[in-house]
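Each in structure tokens, the structures are laid out below.
Each of the next two complexes has chain A plus one more chain, namely chain B in the first and chain C in the second.
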Partner chain A sequence: MAPLLVESAASGAQVLFLGDNFSRLLGGLGTSLAISGLALLIGLPLGILLGSLRIVDNWVLRGILRVYLEFFRIVPTLVVLFLFYYILPREMGIQIDGKTIAVIAFALWVAAEISDVVRSGLISVPDHQIETGKALGMSGFQLLWYVRLPQSINLMIPAVLNLATRVVKTTSLLLLISVIDVVTVGQQIMETNRMAHPDAAFWVYGFIFLLYFIVCWPLSMIAKALEKRAKERNRD
Partner chain B sequence: MDFSYIQQSLPLFVRAFGVTLRLSALVIIASTIIGLVAAVIQHFRTPVLSQFFAAYEELFRNTPLLIQLFFLYYGLPSIGVKLSAETCAVIGASLLGGAYMAGGFLGGFSGIPTSQLESARALGLSQLQMVRYVTLPQGLARSVPALAANAIFLVKETSIFTVIAVPELTNTARDLIGMYYRSDEYLLTLVIGYAIILIPLSIILTLLERRVRRGTFAR
Partner chain C sequence: MTDASTPLLRVTDVCKSYGEHEVLKNVSFSVAKGEVLVLLGPSGSGKSTLIRCLNGLEDIQSGSIEFEGNTISGRKEKDWRELRTRIGMVFQSYDLFPNLTVAQNICLGPLKVQKRDRHEVEQQMNSLLDEVQLSEYRNSYPRELSGGQKQRIAIVRALAMNPDVMLFDEVTASLDPEMVREVLELMLGLARQKMTMIVVTHEMEFARRVADNVLFLENGVVVEQQTGEEFFDCPSTERAQAFLHSMSPIDSVD
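Right, the complex of A and B next:
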């Protein structure tokens, strides 16, 4: 096995740098990151809205939002993608490309997860503060905006960052709804080099593995540091 | 919606359901073992090994399962390591799950005051005795909520096994959609399949959480 490995290091790794392969792979990753970014951009405000509504005194509304959350908790994200991919274009009667479908599906998933983060953050604010606010004559919205949100934001940021890494990782599934992402580009490269470099798979998938790690690791490190800080602050 | 399609494909789905269930169970058990070992080693700051497991956790928590599976299934054969799809699936998901479980256990262990470990050391307990009598009894109960969340997460992750053609639920649904173009029917069956596993599982785990919370003394 050892000589084989050395041999592949000589040939297989070259595939990554042949022609414009390297920039094509990065371009594929760019697509995935753009989709993640858009999904977070839409899902975040929506999730904050839904989370705020989940502490409203209306059991029908709370029930609906809970079912919405549980749906995304129970159905695997891959299956959610398939649901949107097969059903959405037909119901709307129009052609929708995979990227748009991914953004919509991910945004709704992000909104569901964020709604739960926001809800638990909001209810973590002690009741006596809310009573005080009410005594001062603050409205429901003012209580949310000036009392609950500012204090729970420290808890929310790490959770949002962790969710962001999950979204980025989940973009690896995009090839299954025919989006040209980094994995698809990798497969194209392996296909064209199948004769010259039959061992390209090891290097291409290894490289994509590394790419995802380079994107996600810093995010989760920042999340970890912020979590620690929030915990220490709460201890004081 | 034509239910005769669902009826005809039911035997296939039942078999796939069995595959998903069996692989999920294997993955959860293996992940728990890997996670527990990694967490105990890191909790006691065993030199070299604890750095190794910390690196392992970061690596597998921050990369997608799909890429891990592709690497194992398509990448390794080119350096002479050939594994079956199912083996790759279980290894990949267990390594991923182990990294998450380790985090869950460590979180549980970190709730134990260090004074207890110091007292144990002062009483002359060996490392193994400390694990057995101090860390595990309290730490395991505290880890349950995180472990429960991970177990549910792992069952859902088995849907990704479809990419290396393991005949589990998602793969079966995809095959059938490809053959008969009845996406509504098969997607409905697929969602119900996961719901049958995950709804009872999450109820059981919530009950378990409640039980151990009552069992933990002195917060």
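Right, the complex of A and C next:
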């Protein structure tokens, strides 16, 4: 009994190293990370811009940006992906590959979330700091650049890192729009080894779990540490 | 367009209200170049509001504010921005930028707003810091300074813009007593150098020494307006007498 278990466990784990399975899984993870990274790279500056515009004294603009944020808050990310992958290209008659769609959809989502992070950071800067800047003759942009952003960046960074982990995790939805991410690769491996190694699922998902953990855990640890530091710093 | 007889600042019939609440009622006065005007009045009389109107942080409902003979009230924010570089303001709560060093705090306005030459600005900063004996704190952050030191740096920061007039709103009110003196002495020094100043303060001894003229406000109305000596030695209204009495040190109350 015992030797049999050990043997089957070993054979299940073998699946990970069969052929080029291992490098394919890492490749899948690479795709997820590349898409997350690009989405953050585009979404961050866009979100900072939108967040800054959300404190401008113009209710029409603020309203539009608010609706934009709520759209991404309310609609499940999966639906957003489907919308971009199946519906929009068909309606507009253009064909874009899944990865590009994913980057665009995630970037817009990131921008929406970041805009809220940035906005609440910017308005957390005390009024008298803003008035001091005004009294020195600063323009709205100078106030943003020299007073508001530097004084709230400490608050924003942990939220941005938390969002980054959420983005990485959400890439697991990409298999649904035919992007070969790490979960897709895992499923392919399980398919091909269904007969030979029925317990492959345990090992493959276990390994994927480990991969996500290795990527996301440090991110959320750093976020926690920075959050603590921001609290201490803001005591002035 | 200015000759010697044009006051630097002229305020005429200024009314200011927050919604229904009238805070300033027909306030008029003028300040000549080199003059020190002290604003006195009980809490809530509108002193801070008035001083904030003078650099456009609050808008006014009627009346006019003239700077060197030009009407500045009712102007666009952009014009005010230009003007604020010539009107220095120091608040009660020092308000140094906590993310910047002392030197960066002082140079930010001159460099980024006035776009002056860095070398020249730094020279000016060094001599200003020397004057207030805070040179060694050039690279310190505000959190490393005492309240009195912060407030003196805030004054230096405003001075580094080379303003034509300085507005002070109770700049010693949140300081520990032992730090009040160093700040008041700095302001007395400025007055001796003929800086035009409008000063809100609750330090009566200081007010008496620094004031060329006094404006006494109550409930947004100018109750009394005269020279410092007259005001402190023989206030003409009962209200001002009562105010001075209420502000006098305990030991001189019978």
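What to note about this one:
By definition in this document, the second predicted complex is superposed on the first by the 224 of 236 C-alpha atoms of A that agree within 3 Å, B and C clash if a C-alpha of one lies under 4 Å from a C-alpha of the other, contacts with A are read in each partner's own complex, and residues count from 1 in each chain.
In this section, contacts are C-beta pairs under 8 Å (C-beta built on N, C-alpha and C of every residue); 3 or more make two chains touch, one makes a residue touch a chain.
Predicted model only: the values in this text are computed from it and were never measured.
Overlaying the two complexes via chain A leaves chain B and chain C side by side, clear of any clash.
Legend: residue contacts after superposition of the two complexes on their common chain; A:Ile94 is shown touching neither chain B nor chain C. The partner of chain A that touches more of its residues, comparing chain B with chain C, is B. After the chain A superposition, the centres of chain B and chain C are separated by 100° when viewed from the C-alpha centre of chain A, nearest 10. Contacts of A:Ala135 after superposition on the shared chain: chain C is touched, whereas chain B is not. Looking at the shared chain after the overlay, A:Phe209 reaches chain B, while chain C stays out of its contact range. Contacts of A:Val147 after superposition on the shared chain: chain C is touched, whereas chain B is not. In the superposition on chain A, contact of A:Met195 is made with neither chain B nor chain C. Legend: residue contacts after superposition of the two complexes on their common chain; A:Leu173 is shown touching chain B, with no touch to chain C. Residue contacts after overlaying the shared chain place A:Val60 against neither chain B nor chain C. Closest approach of chain B to chain C, taken over C-alpha atoms in the A-based superposition, is 23 Å.
The intersection of chain A residues touching chain B with those touching chain C, taken from the two complexes, is empty. By the touch criterion stated above, chain B contacts chain A in their complex at residues 58-59, 61-68, 70-71, 74-81, 152, 156-157, 159-160, 162-163, 170, 173-174, 177, 183-184, 187, 190-191, 194-195, 198-199, 202.
Residues 128-129, 131-139, 142, 146-147, 150-151, 236 of chain A are the ones touching chain C in the complex. Those residues of chain C that touch chain A in the complex are listed here as 55, 57, 81-85, 87-89, 91, 93, 95, 97-100, 108-109, 112-114, 142-143, 157-158, 161.
Within the complex formed with chain B, the chain A residues making contact are 1, 4-5, 8, 12, 73-79, 82-83, 86-87, 165, 169-173, 176, 183, 198-206, 208-209, 212-213, 216-217, 220.
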